[in-house]
Structures are given as C-alpha cells and as structure tokens.
Amino acid sequence: MKKTLAAGAALCVALSGCGGGGPRGGGDSKLTGDKIVLGVLNDQSATYAQLSGKNSVEAVKMAIEDFKAKYGDKAVTKNITVESADHQNKPDVANTRASEMYDRLGVDAILDVPTSSAALKVADVAKAQKKLYFNISGATTDLTGKSCNKYTFHYAYDTAMLANGTGTAATQAGAKNWYIVYPDYAFGQDMEKSFKAAITKGGGTVVASDPTPFPNDNFSTFLLKAPTLNPKPDVLGTMQAGADLVNVVKQYNEFKLRDKGVGLAVGLMFLTDIHSLTPDALAGTTFTDAWYWNFDAENRAWADKFSARTGGQRPTFAHAANYSAAMQYLEAVQAAGTDDADAVVKQLEGKKVNDFFLRNGEFRAADHRVLHDAYLAKVKPGSEVKEPWDYEQIVKTIPAQDAFRAPSADCKL
Amino acid sequence: MGFLTQTFNGLVGGSFYALLALGLAVIFGMLRVVNFAHGAFYMLGAFGAYVLLAEAGISFWWALLAVPVVLGLLGILLERTLIRRLSALDPLYNFLLTFGLTLMLQDVVKSRYGSQSNPYGAPAGLRGTVDLGLFDFPAYRVFVFGVAVLLCVGVWWLLTRTRVGTVVRAATERPELTRALGIDVGRWIAPVFGFGVALAALAGVLAAPMRAVNPLMGADLIIGVFAVVVIGGLGSVFGSVAAGFGIGLLQAWSEAYGPGLLAQTLIFLVMALVLLFRPAGLFGREELPT
Amino acid sequence: MLRIEGLSAWHGEAQVLRDVDLFVERGEVVTLCGRNGAGKTTLLRCVMGLHGNQTGAVHLDGDDITARKVHQRARRGLGWVPDDRGAYATLTVAEHLTLPPVVGPAPWSLEQVHEAFPALYTRRASPATKLSGGEQQMLALARVLRMGATVLLCDEPTEGLSPLLVQQVGEILRRAKALGVTVLLVEQNIHFATTVADRHYLLAEGRIVGHFDNTDIHSREADLLAHLGI
C-alpha cells in the first residue's frame, strides 16, 4: 500500500499536474518542495568578503557533498542546493535579500551574515518568517540578548567571547592600563562595552576610550595621543575590523608605539587580516580566535580540502563555521525527518556535539548561543612562519563553558 | 608639545585632502567635470605601487615616478575616448560616466586582487622617526608632508608663473573667449585631465605605505575630498589646497581635543556652513552666466 | 576683406539672423547699427564661429572660413572685442596682453601698447577685473592690436564710457584703420559711429534693412533714427 502510494506520488511529481488534493511531492518525505535549500547571505565584494564571502559558499557546498556522501541513499533528500547573495554590509539590503531567500528562493536556513546591524535585521526576518538562521560572522551579543528569537542561532563567536579571551587574558598577563579605540557603530560600541567589562573583571583599568569614524583611514591622532595619556597605557586595544584594522596596525607600527611601551591587542582579527598586514607588522599581538586551521590534524585535514577548492587560501574560522553550521543543520533535518523549522529547532536545542569546529559544542537552549572552545592566540613573527598562512600560535584553549557569557536576562525565547 | 605634534599631524593628514582636491579642482576648472573617478585613480596609484613591488620587485621610489606617469597617460586616453564625447552635454552625464568608471575600476582590481588589504611598507630609508626640534615624528609622514607642500607650490608656480599656467587659467575662467583669442583650448583639455589624474595617482602611491591598500580605499576618501573641494570653492585651486590642509588640521584638533561625534561630522558640518553662507566656497567665485 | 553671405542663425527655435549679406573692405571701418535684440552681437559671434546654430558662409581674404574652428579664425586674423570687454579675473593686465598668439603681420609691440594706453602699464600687475570699465575696454582693444589682428570685430566698445574715453576709442580705431586694419563695429552711438566709420549697415529683426555710406548719413538720418527707435 505504502509502495503504491509512493509510486503514485512519484508519478504525480513527474507529470507535475495531478489536480487532486494532498501535498505536492508527498510520499514519505516531509520536505517542502522535496528539497533543502541553504542560503549564504554575506559580504561578497567589500571589507568582509575575504574573511568569509564567496569561499563560505564553497564551504557550505563542501558540507552538502560530505552530508550526501555520509548518508547516501538514506539521506533525507539528495536535492540540496545553495543560494547566495551579497548584502553589501547594508542592513536594508540584508533585510530585502533575506526575505527574498525565504519567500521566493525557498531557502530553509540562512547562514553567515557579517556586520552586526545587518545580522540583527536578518534575525527579525527569520523570526517573522519562522525560518532558521545561523549567524556566523556577526559579532553582536544582541543576537542572543534582546534580539534573540526561537529561529536564530549564534554560531561562531560574539563580542563577549572576544572580550573574555583577549581582555581578561591580557589583563591577567600584566597589561593593566588600556587605551581603547573603537569604530563608532553597533559592533564597535558593543565591543567597547564588552572589553571594558572584561578588563575591569581581570583587574585592569581603561585609561581612555575613543570612538573613531567608520570607515577611517587615518588614526594618527589617536596613536599620537596614546603615549601621552596619564597613566600611560600598557596596551592599545583596537576594536577596528577589516580595512580599518589594517590602517590602525600599519600606523601603530609607523608611530613606533611598541617601542614607546604601548603594546597592541586586537579585539577581532581574522586570519586574512594577518595575511594582509604580514605577520611582522603584528608580531606578538594578542587576540582571540574561534578556530585555527593549523591547530591540530583534524582542522588541518579539513583546511587542506578547503584550500584545494579555493586556490590555496587557508580557511578563517568563518569558513569553518559555515561548513559546520550547514552540516549540523542537515544532520538535524536528517534526524527530524523534516525541514519544518520548529521540529529542527527542537532537534538542536540543548544538543551537545563535537565536530572539527565545535569542540565541546552545545546548542544552548536558553538563548541559542552555540558554545564551543575558543583560543587565545598570538601572531608569530615572520621568522617563525613555516608555510603560507601559518601565522598563529595558540597560547591557550578557553574551555567552551568559560568562553562565552552566561545567558542574558534580556533574552526571552 | 602635544598640541604642536597634533597640529603637524593634522597637516600631514590634510596633505592627502590637498593633493586630491588640487587634482579635482584643476580638472573641474578646465573640463567642468566633477571627476568622480578621482578616488579610483588614487586607489589605482596605491595598487600600482603594490603590484610593482609584489610582482616585479620595483621599489617605492620608482613607483612614485612611474605610476603617476602611466596613470596620467591613462587619464589622457580616457579623456580622448570617453569624457570628450559627453562634453557637449549636461555635466551630469560626465559625473555619471566617471561614477560608472569608478565602479568598473574597483571591480577590475577586486576580481584580480580580491577585496582584502594588501601589504606595503615604507621605503627602507624612511622607516624611523625624525627629530623635528620640538617633537619626533615618523620620517615617512614628514616626507609625505614635504612632497605634498612641494607639489602644491609647484602647481601654483606652474599656474601663475608659466605660459602654460596662463593659458590654463584663461581657459578655465572663460573657455569661449580664450578660443576666440586664438588658443586651441581643446588641445589642453586631455593633458590637464591627465595631470589631475596623475596627482591622484601620486597621492595613492604616497598613501600605500601608511594606509590599507584595497580596492575601496578611494571610495571612502573621495566623499571627504568632495566636501573639501566644496569648502574651498569648486574649481578654485588655491581654495582646494587651503581647505585640504585646513580640514586636516580641524580633524586632528577635534579628534584630539573634542568630543568624538564632532570629529566625525566636522567636515560635513563645515561644508554645510560654507554652503549656507558662502555657496561659492571660501575662495570660489560665482560662475559667470553665459 | 571680410564677406558674409546668406547668414542665418537661430537661438533654439527662434531665428535671430535672416539671410544676412555684408562685406567690409580691407582698411575699412563699417558699423552695424540696430536696436537691442536686432541680432548684432549674434552676427559678430557667427563671424567668430562662436554661434553653433547657423547657416551661410563667411569669407576672409577670399577664403571660406565657415568650417574653421574658433581659434583657427582668430589665427587667421580675426580679433574679437566682446561686448563685456572680455576681462579675466584670474589674469593680470600684463597676462591679458601676452595671452593670445601673434596672428598678423603688424602686431603692436608692448611699448606701443603702453605708450597708447599708459594706464595698462601702471596697472600691469593687477587683475584685469579690478580695472575701471574704460580701462577694461582699452585693454580689450589693446589685446587684439597686440595680436596683430587684421580684422577687428568690436561689440559696442563705447557703451558706458565717458565722452572723453569714447573719443579715445575713436582715436585708437582711426589709428588702426590708418595701419590697414579692417573693423566691423557694432554701435548704437550713431554720433560716434559717424566719426569713425566709412559705411553703415542697418540691422532690424535679423535682416539688413539699410546700407549707406557715411557721407550720406545726413540724408538718411531720419531713416536711421526711426530704425534705432530714437
């Protein structure tokens, strides 16, 4: 009986014109349209294109291939595709593209979305449309705070994780006095708040904290000011990202602040930033990484596969996290047997996992923060770099439970 | 001491505004074209330096000579092939053309070199700091300031003390009359455009060792430069240079001593005030009706 | 000599010159009279090549220069003295005199210019727009004489000048004429015109409506004044 039904349904799909009732493409598959569509929405042309961008689309494709290979004929469907779009780091564009993905392109889950303001907009769309959203490269804790919702998971990192790692660790290591410069928009303001809290927690003092224009190519005023502050800061904490960060570091070296006793800590840095600046420009700089490609054999194995498909570029944590999130989503759909968002969320909530990205991972049910180990890293000097992209020395693994903040009271799922 | 350092620092920052605004002013004067692609040429200048070093091992000093010349020639070609065709139409068309060119140039560079920033350091002799008597300052920045001042003075000399300068001023102010006095104004348009482009390219080469070299580096800067040009007076060479250095100073002072919000909006605040009270700019003249 | 044949010109849809024929012999001073809006300035601009929308032909010394560009016409010897006196704010008086190329066989030397216009020497370093109206007019004339232009196209050179200065302009024009320079003069001041001109053309609504020698001026005065609306 079941067999005939399935055959009939298949025929129905083939002829694509059965007038009768019943869900199209029914059978025993509970997938809308009998397919899964993943959507990668990120910056494909500007500041953040290199650290995630089109190569994250490639990472998601890798996940789909690996998933199909793993389950073969048992896979919930073989029809899994990727859509991608450039949101140009603009919240309004992100909003439009996200709606388009869910509505018109039949996307089941949106991935990535850098730039905090854009990331928050997409969370609103996901909530309204009741569709899944895994944010990878957005940093704001609001995604698991006042803007949290049932369908949004914050996957890779956030400002609290960065501040916990860099702020607390560096303060405990002796950098008591800080001078913070931060770009004056949502991400920078959030970073500054998180870092201030972490530094104070670690027993340090923020001597001064200055907002800078965004974007900005000239930080000389702030760099001249740094050594004249009283008390003199031990470390300059820069919360800039992308090209702005490159400018800060270049000019930090030009003004020889390290020689003047002012060290450098970077709030958020990707592997691609070190590549742009060269390790020598950053040698000894402390920062927090969510994942490093050359950390161990498992990471390296995935990185090799990734590099083979992307012209030799080594993956950033965003690339790895996009793969991991795609894979975890597909696994959840497989386990639930449906792409119904509520069912998938139910599968994921509270789930403890381990993959090459999520070490000691957990999909925290309270606020949908995805917990995993984080790493305190130092940039190697050029002389210690053994191969291209071999820029980081992992100083310390921060256990998953300590790496992130406690669930916020602002979040009501 | 801190104040003097910040003041000098402001002048260094203003150097880039001045150089870029100078090129824009010269071009606008002669062609009545607001060259939106100016920022893209600045970016190409910086990329030129980077590519020459990374792919051919050619040093900063040769790049400083070669890149402006090559891009200047490209500017001449561009004027001859594209911009000239629209010169009879509303200037808005050339504004759109150069805007389109900007997007194309950015994307060409992006597709070849990616959107990340590329490494480029100061030349070996200028990596240290120099003692300026009252304070120390990075040698390279002192050099940049020196070059910018020299160039501004050089252009001023060229415009006011040479035959070419007289012709360019005349053609800028009253092109029709100048033609009627037997001067082939058309012959000077492409070289002047090329010269303006070369200035932008030179500013780009100068920026490469101290700023992030990426395809969008000119896009953000050019908006500020437009504001500088409006403040100085559209087409006024002296006004552009003065406004360039002046805005650099104001920015440094406000960043160092003022509230954060002021520094970020200052340039546009000044522009708005100038537009309200002196619409032709601080040093500009009202256009003569034709 | 300058010869204009069948010249018509338009401002947008409106026709401002209708089939104008005129000629000026070498060394002759000829005025073009007419009311405001009769098309006098447009006619001079057409000769100079500055008016885009025109048909007809302009001959200079027997050559058809209709297809020539503006600067080429100047280099053939046409010297334009525009109605606004053509002063540059960004050029000094001295630069005004050296800006244009020498285009004729008998250019005035700087010494001759300074001798004829002493004010231009004393004010040589000033921007030309800082000169008085009369001085600016002298500068515009001096400039084309310095070029050695063989045909002067003067657009109301006496407008707004004091009687003394008007007289001075007349002297300059007579002196130029004595040296063989041809002058096409747009003029509303008939009394001035009669002191310098050999012949007069009368232009009304874009058409040549009258043409007579200066010697006939008294017999045609009524006709003339009627057309000028005086």
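Think of it as A, B and C in the order they're written, each chain with its own count starting at 1.
To be clear about the criterion, contacts are C-beta pairs under 8 Å (C-beta built on N, C-alpha and C of every residue); 3 or more make two chains touch, one makes a residue touch a chain.
Labels paired with UniProt names: A = ABC transporter permease; B = Branched-chain amino acid ABC transporter permease; C = ABC transporter ATP-binding protein.
Bear in mind the structure is a predicted one, so any value in this text is a computation, not a measurement.
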Maximum centroid distance from subunit B, chain identifier (CA atoms): C
Pair of chains ranked first by number of touching C-beta pairs: A-B
Most centrally placed chain - per-chain CA mean versus overall CA mean: B
Centre distance in Å when subunit A and subunit C are each reduced to the mean of their C-alpha atoms: 76
CA centroid of subunit B to CA centroid of subunit C, Å: 42
Centre-to-centre distance between subunit B and subunit A (centres being mean Cα positions), rounded to whole Å: 38
Contacts with two or more other chains, residues of subunit A listed in rising order: none
Residues on subunit B engaged by subunit C in the complex (per definition of touch): 166-167, 169-170, 172-174, 176-185, 285
Touching residues (chain side subunit C, partner subunit B) in the complex: 48, 50, 69-71, 74-75, 80, 82, 86, 88-91, 95, 98-101, 103, 143, 147
In the complex with subunit A, residue positions of subunit B that touch it: 2, 5-6, 9-10, 12-13, 107, 110, 114-119, 121-122, 129, 138, 140-141, 207, 209-212, 214, 216-217, 220-221, 251-252, 255-256, 260-261, 263-264
Residues of subunit A defined as touching subunit B within the complex: 45-47, 49-51, 53, 184, 210-213, 215, 217-218, 220-222, 224-225, 228, 242-244, 246-247, 250-251, 254-256, 272, 275-278, 281
